[in-house]
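So that we are looking at the same thing, I have put the structure below in structure tokens.
The letters A, B, C and D name the chains in turn, as written, and every chain counts its residues from 1.
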Amino acid sequence: MAHTIANKQKITARVRRIVGQLNGIERAIESEVSCSAVLQQVAAARGALGGLFEELLEDHLRQHVAGAHLSDADRQAGAEELLALIRRYAR
Amino acid sequence: MAHTIANKQKITARVRRIVGQLNGIERAIESEVSCSAVLQQVAAARGALGGLFEELLEDHLRQHVAGAHLSDADRQAGAEELLALIRRYAR
Amino acid sequence: MAHTIANKQKITARVRRIVGQLNGIERAIESEVSCSAVLQQVAAARGALGGLFEELLEDHLRQHVAGAHLSDADRQAGAEELLALIRRYAR
Amino acid sequence: MAHTIANKQKITARVRRIVGQLNGIERAIESEVSCSAVLQQVAAARGALGGLFEELLEDHLRQHVAGAHLSDADRQAGAEELLALIRRYAR
């Protein structure tokens, strides 16, 4: 069984807010805002994606690794997925 | 004089590609893809924003700090902006 | 029960190697190596500490979160510790 | 001309403090402190190395890229070194 996102609406709203930040960056470039201000907006959007990643990672850990009713095999699989994601993210 | 983005079209295209990645994440959540696959896509989008940040930072450094024809005052201001951006980004 | 480090000798050897890198940085500063070369050595030592952190985090996850014979309460406690460590590390 | 570290004594003292943190980690492992506490100390030492890197990077930028009396060629070389270091560090 594939584990899907727990709170679809809330997470989708968060993704859309980050799309809004990127649309703001595109407008800022278009209207020739200073490159330093554009860079700040890019750093903020990246920070927001990092926060989203961490929230999803926490959900994954709580449900698919630490969940009380998992089989041992599912728990091990969830743990290895988590480790691969952390390694991927730390690059 | 505010320093603006050097290569507007190329940078805008890059921002739009990242918007495309986020739209893909929204569809993945909607179609109940596994949370591990969604997390990988979020990590990839964050990596792409990191790459965009680094490219803009390089442009800023080359033009507004190391540029051959800057006044000393403009160069110092560009350097301090760069340091603030690096500190902001490293958090 | 406190969970202790699994492989004390191996981990200790790794810590000592990083101390060796830092001693090398001190000698490099003393012998007036270029600041760019010193910065590369500092980045390498930080990378080595990051690798050590990730290895210890993996051990913690495998033993104290995903371990087959944990009580539910211990597993939850291990998971919350892990999340706090990831948040701390990502700063 | 190679650019050397500006403030040798202060930077050396900082390196030695980080060695002290690592010696503390070795003792913590030896005395079987919990792995979560060891991980916190490793994250702290990595943070301290990151802070040292940022300070040295700022010195490099101020002296070897933004310095008022550099030749154009030296300034360009300093800028390219800086970019290589930032890329190296962001990995």
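The rule we apply is simple: a residue touches a chain if its C-beta (ideal position, glycine included) is under 8 Å from a C-beta of that chain, and two chains touch if they have at least 3 such contacts.
Here is each chain with its UniProt name: A, B, C, D = Metal/formaldehyde-sensitive transcriptional repressor.
Note that this is a predicted model, so its numbers are computed, not measured.
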When centres are defined as mean Cα positions, the distance from subunit A to subunit B in whole Å is 17
Please report how many Å separate the Cα centroid of subunit B from that of subunit C, as a whole number.
-> 29
Whole-Å gap between the CA centroids of subunit B and subunit D | 24
On subunit C, where are the residues touching two or more other chains?
-> 50, 57, 91
Which of line, ring, star, complete and other names the graph you get from chains that touch?
-> ring
Report the complete set of touching chain pairs.
-> A-B, A-C, B-D, C-D
Within the complex, which stretch of subunit A touches subunit C?
-> 50, 54, 57-58, 61-62, 65-66, 68, 72, 75-76, 78-79, 82-83, 86-87, 90
Touch list for subunit A against partner subunit B, complex | 2-6, 8, 11-12, 15-16, 18-19, 22-23, 25-26, 29-30, 32-36, 38-40, 42-43, 45-47, 49-50, 52-53, 56-57, 59-60, 64, 81, 85, 88-89, 91
